[in-house]
Structures are given as C-alpha cells and as structure tokens.
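Here the chain labels run A, B and C in written order, and each chain numbers its own residues starting at 1.
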C-alpha cells in the first residue's frame, strides 16, 4: 500500500535554461518550470491526471538524453539540466503545430477554430509560421446521433490528447468514453457508439472542461459564445454541501454558462457535477415567482405590492402573537439561503417576534 | 478506474471467444469481468482481428506479397465472390503471396517451400534434431546466477528483436530489483514485414525457446512466464502448445501462459505488448520506467525476443566465448530471413555480419537485376544494391543510416517501382500506428497521402514537406514505430532519386 | 461533535487518506465532488470500507462492503469498538490525555460481540473484525458519514458510536483522519452557524445561558426569550395539534421534505397564518397566505458555509426577475414593518459584520477578507490575522476533554411486520436536488430520471411478480404513492429505496415522523411499507 503522507520529500536544485530552480523529488519538469514562471507549452497535461506525454507539445532537451523528452512526464533528478528553448525545439514545435493544423478544422484566418470553449492549439499556432501542409482528412468518427442535452463532440477539433477519456476514468471514474479504433481512425467513443444518456456517463461535463481545443462543447451554451460579451462572476454552488466554486458567465443579465475555476485553486479542484455545471436553467425559468402574492378572501392568490405584502406579513404574525403568544409562531429558515439571511431570520424570530422557535432542516 | 475485483487481463481473449466486438459481446464481457463497457469497446476496436466480426479471407499486403501480385490475387478472389480483407504482413514473405482463410488457417500461393540452412553447428541449428533433455536448464541449476549472467555477457548476445541491446544488462537489472514479483515474457509477436524467423524457430526448435525462458525465470527468480504470440500464427501457437505438453516434466516448476495477439503490429513494441497483456489498447508506454523496473502489472519484467532467448541454452552448453566466435563482425550466429527476388527464400542461420551477397548465395542467388534491398524489415528503409558487400550487422547498418532490425531481408529487382515500394511500406506504418501521439498518427497519414499523390500525379512538389514531417516523426514520436515510419520514403528518395522525378 | 457538527478535517485532505470508512453516505450521488477526492485516494492506494444497506457505487470500489440491515448501525459500530478494545488496538495514551468515560463505554460494548452483531446486522462477524482492525491500525483513517447515520430515531446514538471509534483510536487532530459529516445542503452548516436553531444563538451560543443572552439583548436592543425553542420536527407536530398557529417558511418545501407530510399538511391547514418566501411555487406555497418572491443564489450577495467549515462568497451576477428581491432585504423589511428598527444595512457584507461581531468562531471573517482568499476561510477564525482552521484539534492537545458515550441499541421506531413487510429508506439521487424545483427544470436530470421510482431486490420483485419498469403502489401506515419499480442489484432483500424528489409522488407521504430525541431529525431511513402491483399496470421502459 502506498502511504502518500509518509513519502520522504527531498528537495534539490535543477537547471532550466541555465537558471537554477528548486525542485522536489517526484515532480516533473513542467511542475518545476510552471512554478518558476518558465513557460513550457502543453496540451494533454492536466494536473489531476497521470501524465500521458501524448501530445508531444512539451518536449524539451534533457542533458544526457539523445531524444527530446516530454516535460510533463519527465521526473526531475538532482542537478539535471533542461533546455526549453533552442533551434531544435523551435523546429520541433513549428512542424508539430503545423501537423496538428493539417488534422484540424481551421477558420478563415487559417487558424484552428475557436468554439467559445477555448482552443489552446489555436494560441500555440499563433506563435509559429506554419508549414503549408495539406489536410490529412483523418477518418475520425463522431457521434452525431447523440441526443444528450449537454455534451457535444466535434471530431474535427479533436487532437486525441485523451484528456477527456482519462478524466472520465481517473477523476470521475465512470468510464463512459474511451479512445477507440487505431491510427488515423482513432476517436473518442462510447460503447456501441451509443448516446451518452445510454452509458454510465453522469453528465458532469468534466470532459468539456478539460478539453484543450473545444472539440467538446456545451450544447446549452449559445452558439455565438465566441463573439458574445460576457461578464464572469465567481460564486458558490447552491446545491450540496461541498461548496464548489463556480464562475457564472453572464450576458445581458442572463447566466449563459457555468464553469469551474482552474484546478488547484478552490475546494472543487476544477471539478463540477451535473447539477453545478448544467442545472442553471431554473434561474431564468418562466415559473419564477416575480411579484408578491396575497391570498384573498376568495382563497385565490392575487398579485400585491411590496408595501401591501410586507404589511400583511407583519400584521398577520403580530396578530397571532397577540392572540396566542410568541411561542405560537414558528420560523423555518433555509439551509439554501445565505449565512446573512439565516442570521437575519433568527434575529427576526428572536428579536422581533420574541421566540426561539427557529429552525431549518438541520439534519439534511 | 478499475474495481478491485475486475479482471481486465481477460477481456481480449473473451472478446475473441465472443466472435469480436459487437454491442452484445461487449456487454457480455462487461458482465463477466466488471470492466466498464466503454473500455472493452475501445480496447477491442484497437485490434484488427477483433474489429469486424464475420468471416473473410485475410490477404497480406506486405512488401513481398505486393511484389508477387497480392493486388491481382485480391481481385481474383473478390471476383470469385469471396470476402477479402487486406491485412498487414502475415510473416509468410518467403511464400508470398500469403493469406489466412476464413478459419484463420494459412494459405500460401508460392510454388516453392521455405528453405532453411542444413544441419549445422550453429546456435539455432533449425534443421537439427530436437533436444528434449533440458540439460542446459539442469546445468544452470548447478550454477550461480552470476555465472549464468557472466556467460551471457561473454557471449556478446544482443537482442535479436531489433534493438540489439546486450541481453545480460536486462538480467542483471532484474536481479537488482527490490520487488520480488517478477515476470519473464517472450515476445513472439513477429510482424515486421519481411520477417519470419521466429516462425521457423517455433515450428522447428520451440524447446530452445522454452528452455531459454525457463533458464531466465530461474536466474531472475520468476515463476510465471508469458509467451505473447501474434494471433495470425495459428500453426505456431499449436507448436508451442505441443512443445509445452512434451516438456511438462522438465518445466513443471514454471507457469507458462501463451497469450495471443489480435492483429496489431505495435504490440511487438515491448511496452505496447505489456499493455496488451494487461488487456488494454496496445499503446506504448513512456520510458522510463523501463520494463526491467516496472513492466507487466507494474512489476519487473524480463522481455526477450524468441530468437534471443533461444540462443541461451547453447550458450550455457558451449560457453559464451564459443557463441561469440560464431559471429563474423559481431557476436554469434543469426537467423536471416530472405525473401523477394532470390531463388530460394527462407531462413538462413549464418555468422552475424555476412554480406547481402553471401546471404543471397546461400539462398541460391538473385532473380533478375537487383537494384535495392531492405535489410531489416520495413523499419530499416531501403539500401541500394551497391551496398551488397556491407556486413549485415547492428553497427555497419546503423552507420549506413539503416538497421539490422529483425534481419528480414527483402531483395528488390528492377521490375519494381521504388516509389511504389516506399508507398507500400508507408501504408503499413499508417495502418499500424497506434494513434497515441500526433507526430506518428498525423505523420504516417500525411506522408502516405503525399506519396500516393506523387504516384498519381507525378509531381514532386507533393513531396516538398515530407522531409520536415519525417524529421518531426523521428524527433517527436513516443516509440520506435513513429521514429522510423518515414524511413522508407526518406531512404528511397536518397538512394533512388530518379524514381521521384517528375513523371508524365 | 468535538465542538460542533462539522467536518473535523478538510475535503482536500481526503486525497491523502490511507483508509476511508464511509458509512451512511452515498457520496458519489449526494456529494459528487467529495466522492472525486475519495476516488483519487483510492487511485493512490487508499483502502476503502463502505457500510451501507445498499450496494452503492462506492461499495463496488471498496475493499470491504458491510451491507448492514437498515437501522442497525449501533450494533455494527459497537461491535467494531468491541473488537478494537478486545484486541488492544485502542490508543491508550490519547484516551488518557483527552477523554472521559472510556471504562463505562468499554463495559457497554463488551456485550456487542461480532457474532451477536452478525445476527442483528447481517454483516459477517469476520468482516466486522477486519474493518475494526483496519480502521484502528491505520493512521490516516477518516470517517465520512451523512444522513444514513443521522436520519434515524437513534441518529444521535449512531453519531456517538462513531465518535467513540474516533476517540478510542486517536484519529483526531491527524491529517486525512477525523470525523466528517458531509452536510447535505449548500449552507446547512452556515444556517446552523448563524443560529437558525432553537437552542443556539449564532456560533452555538446557548439561548439559556444568561450571559450570552445579555450580549444579544444589548446588541439587538430588546429582551429575548430565555427558553429553548422547538425544533422543526416538534414544530410540525405542534402545528398538527394546533399549538403552533403561524409559520414563516423561507426557502423550504416542508410538504415535501418533512416526514409523514400528511400530518404537515393537516398542520398547515390548521394554521391561522402562513408566510412563504420562495423562488418557485411548490407544495408548501399552496398553504400560504402571503408569498414573498425571493432571489436565487445567482441574484444576491452573501456567504455559504460548506461541510468543511469553509465560508465562501456568493456573489450577485444577475438581477432577480420582476419584483423579486434579495431575501436579506425582504427580512429586514418585514422586521421594520413589524416595528423593529432593523439597521439600514448597505449590503450583505454589513449584515455579516454584525453577525461576526457577535460570534467568536467567525469573528475574523469579513466580506473584505473573503475577497482576498480565493478558497474561502475555514472557521474557527477568531480574529482578522487568523488564517482559518483546515483541520480541527491539529495543534497539540485538544481543548477540553471529549466524553465517550455508552450507547444501548434501540430498534427503529417502526419495523416491518406482516402488513407492511418491507423496509423503506429514502434519499437523494445525483440528478435531482431536494424538492427538485430547480433540477426538474433542466433537461439532463429529467432525461436521466423523469419519474419517481423504487429500487428493489430481484427476490422481492419475483415474490410480488413485478417486472422492471412496472408501476406499483407503495403504502405505509401514513400514506401511499405510485412509482416505477427498478429491479436493482444494489438492494438487500426485504429493503426498498425511494428518492425524495418527486412532488407528484412524495416519498415523505410514507415516512415516519418519529424524531431523534436530541435533534428532532425524522426517521427518513427506516419505515415499514407494502408494495402492490397496480391493478391495471402498464409496463414502462
């Protein structure tokens, strides 16, 4: 058995581009470089996943190694020397990115398409003068028949970095999607190419969040998300008690998309579940109560002004208190509301109406 | 994430029994093993032999089979109403063209039989008598492990699968591992176009392989021995089963398991082989860690090619120095496969370092006017016939920009268009790329596509970027397949520039 | 427990566990993101023991699944304690230094042998031994539990038994260990912290403590009641018998979420005055005299406190629809309408400041500080320079001594009999949330789970001649609902399970409102039911 807490931690120094850096045993070249602010590009790397070394974007020179080595997977050793910028690496990046472009959907400007979910390949391709490679037209199959409401896969933007399948295996652990076929036919598939609703998928959308190129996108998000001006507000999820942090993307006073902060930043480490990521339609649902309502003598609810409603509320409670005493009132607060609101509710119960009959569904 | 009691190693075999990948078979295997359906689906579809259930003839389209009319044979068969699938090299280049029938039994179309060296005093001695005494194993049990490894070291035995890595290093490394759960694995996934030596070795001298494996297991203190054999080698699989049956008494302390491959050349790469053994897609692992530290099931594993391990009993019997002295330029004797335009294609055991001329002399001479040869399978590219005097060994061929590889030598005469020869090899790599890393996955597609266009249009401009792409494939790929996959084109253009000039 | 009902350790510590003991928590569905940390720990080699009557997803991944009969937790846990003490695996040094009452507890559990426990719980005695040894001898071993522990008439006893295990093994003040209730709702921790409880002012300060009361009287400028109030369970009963005459319900659908809702409905009908402050019409608003339209989380500022005591900001990103208002503003306005001089708070941050100034545990937290701390602040955080407390009791000895509790097993209030032969447990699913007014308005959850269902073992289904997908009637002494049958390998024979989310088919028409003596929590996890084939049944799905 592996006892992570008891592992001996050694620190030593390594050299990256001639600069001395502190490193901890078990770290990779990319781990150290990122901490030191040295940029090594990656596509298939996600701190939550075991390194795959598959995209080859992070190849660096390691002294003593004949071949270029993947920085995302290469473990640091005391006194090792790493080079991340050289003519060899530049040539490697130029050709590799160009090859990716020959296997990718491009926009009018000749760059990898941006779908509104971020396309890191596009950003990388901006850093090179690409070779004019003809498209390879790889026969990657998609799943056009998949009717699930949330997750869409566009094989033309897929670089087969397998972040989605590894996430589905290693983090969400439901193994709904897999790498399938071989060579140029390799694609992301489900068993029997079934729609996600007919698989073990729990619709967490983590595959979308980890996809570096936007090959996986949200069906719910507006199609013109790329050009849409949105404001992003950090907040806390309103479902279970984990306290996941959310970024609410807002356009025109409407929430149009919900994402997680980057891995490593918050309690949810970049993860969300189906409710946190997707179940936000209720916010702008037409069934929302939009005006105060008072039940009339006829037993029907009718719209009322705030003044009326507040007065009715205060008078109704005070009348019962007057008739039967403060402890004939009960205040049921909500574990769905904020701390401030719960504070005010118990203050209302205790200070305003004089009873400690204040509770919420504490055990649930 | 795998459930604690799930059995992944079994899924490929179970899929085979279920007749290949279908929604139903995947569900069935899921229920039997607890492995998620998607993983079974994705793993099954990696392997050609599981991919499309249903019966059909599998016709080889390897280089030699193509040279001997595989395309027209395919047309004939199709016209006769047969279902035909073109598959990568079947390891029958000496009997080209070759196929497997609907029941996976071998059918070859050559008029001649495989030729082999006559009985001799060399290490393999394919035509020699079968020795069932397992006396080398008995001798090893009287020796210290250090002495066995010392004998290996003095023999100079290098890995015969292609890499040429000194064998004793691996044994030493295994013995140094703290982990005591260790495995011996025999790589019998012979699939390099032009190569069929392990086939003959297994059919004629399987006990040498088994004894070598037992010796290795004894020395590194492993109990379990796995033999991974390509799924197309139906006869050879049976030969190993028979040999195990015949040697039950001698090998009773070891647990042998034969595992079938299912049509994926890449599984000859040792870490891809490990993945396949573990019931996964045969995608090579990143190295380090090497299999000697973390191999099968994450445990130290000694992996040897059939020929390498089969050399071991004779080394034990007659000493490392004897073995070393068998070679001409490097240590030992070597099984050379020769096919293509020669009189008597087959497997010849000769001193390591003979020239092409010497090898072809053993095989009865050239047919027609030779212009090129491929010394070590598709991965070695092409050399011009002018290099006929070059020693066929690890060092000289590497210096010449090629490699001995698996010593699958193919001779090509002037009836063959070298651009086409290159295209056939490129198609092989494209089909067999595992698809994991972009340089290989995209590069093999790109280069094959451009060469096809050149052959169609005759315009060299289509090849303008192939050298750059080839450079990246060699620099950037994860494993050896991608690193050499551009070799056929690169070497053909270098040595046969006329074949790549503007055509009408 | 050991201070307050909250996780002693942090969520991010889970990934470094060596052992996780998960009991009464279907973590992958109820707390999916905490479950991800558990999966990560599993991936890294941690052991996993799951105790649950259902073969939940985590049980599939577990080294050991203790599939106990519902309501027999005290037996299981006492037997584990029995093994630990009998085999001398308890931490004498820790017990000596930090606890009281060990001997009495030890004497009590001496009767709870694994063999006898096997008879009651159905868990093999050897499995109980293995679990006990593994738990006692592993350093970084945490207990994780949820409502499967607390939603019983003996919920408090269950919690005591867990605490006994933690204390006797010294699994406190250690990283990736401790006692960790996973709170069911986004801010159930924060609501308790803020004093929405009948016996505590904010910060668990007792309403019967005159010094404390004086502090609040001074701060709020009015005299306050010296008597403990009624908990929710008792309020519902008092309402039904006509003693509670008016209720003000904010953001809660008690006609779905409370047990034995028929009685709740009767009570609401008897009330003289009912106020609901809500974002959607629900089952409870049907009884309201006044409905005040509130704001959802995206429309207001404030804080939520999660399971690991982490206070985090909720930020307004859109405006409430129509005339709906932020709930904190509504509450202030109601107070003012009733003549109370509620301060003119500029924003929610000012409300928080008042709350924090009266609550030592969070005195160091403010909205301003939360702007700086991207991952929130975990209480206790007594002053502005305090960094918060990821792990309780981690620095040196515990403050104060923790008592062991000698606990007697009491059966659940209602056990199966000839008329009602099956045990019903209720709970949540991954796809819906509570009364599902939010999640049933989204396509994914609806596509996954459109209608109410029960999970049933195939042997029970065979006995009742039921097919998967068939509609049935589920009946208890309190009510009946219709649902689909899902024949499920997850169930024990004799037990069925039903989610609580469906307003047209309310599980809580069936459940028993017998409450825990201490907390008043209803017995949602055990009641006796009967399942009947529908006469004109049609097969669905």
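Just so it is clear, a residue touches a chain if its C-beta (ideal position, glycine included) is under 8 Å from a C-beta of that chain, and two chains touch if they have at least 3 such contacts.
What you see is a predicted model; the values in this text were computed from it and never measured.
S.K.: Which chain lies at the heart of the structure, taking centres as C-alpha averages?
M.R.: A
S.K.: Sort the other chains by how far their Cα centres are from that of chain B and give me the top one.
M.R.: So the farthest one, by centre of C-alpha atoms, is C.
S.K.: Centroid of chain A to centroid of chain C, CA atoms only: how many Å?
M.R.: 27
S.K.: Determine the centre-to-centre distance between chain B and chain C, using the mean Cα coordinates as centres, and give it in whole Å.
M.R.: 60
S.K.: How many angstrom lie between the centres of chain A and chain B, each centre taken as the mean Cα position?
M.R.: One centre to the other, that is 44 Å.
S.K.: What are the residues of chain B that contact at least two other chains?
M.R.: Within chain B, the residues that touch at least two other chains are 1.
S.K.: Give me the residues of chain A that touch two or more other chains.
M.R.: Correct list: 170, 173.
S.K.: Got the chain C residues that touch at least 2 other chains?
M.R.: 39, 43, 61, in rising order.
S.K.: Please name which positions on chain A make contact with chain C in the complex.
M.R.: 1-5, 48, 148-150, 170-173, 197, 202-204, 231, 233-245, 248, 250, 253-255, 261, 265-269, 271-276, 278-285, 287-295, 301, 306, 309-314, 316-321, 323-324, 326-364
S.K.: Sort out for me which residues of chain B touch chain C in the complex.
M.R.: For this pair, the touching residues of chain B are 1, 3-4.
S.K.: In the complex of these two chains, what residues of chain C are touching chain B?
M.R.: 39, 42-43, 60-63
S.K.: Quick one: in the complex, what on chain A touches chain B?
M.R.: My answer: residues 51, 53-56, 59, 67-68, 70, 73, 75, 88, 91-92, 95-96, 99-100, 102-103, 131-134, 136, 138, 159-160, 162, 165, 169-170, 173-186, 189-192, 194, 199-200.
S.K.: In the complex, go through chain B and note every residue touching chain A.
M.R.: Answer in residue numbers: 1, 23, 26-27, 30, 36-43, 45-46, 48, 51, 264, 281, 286, 288, 430-439, 441-446, 449-450, 465, 468-469, 471-472, 475-478.
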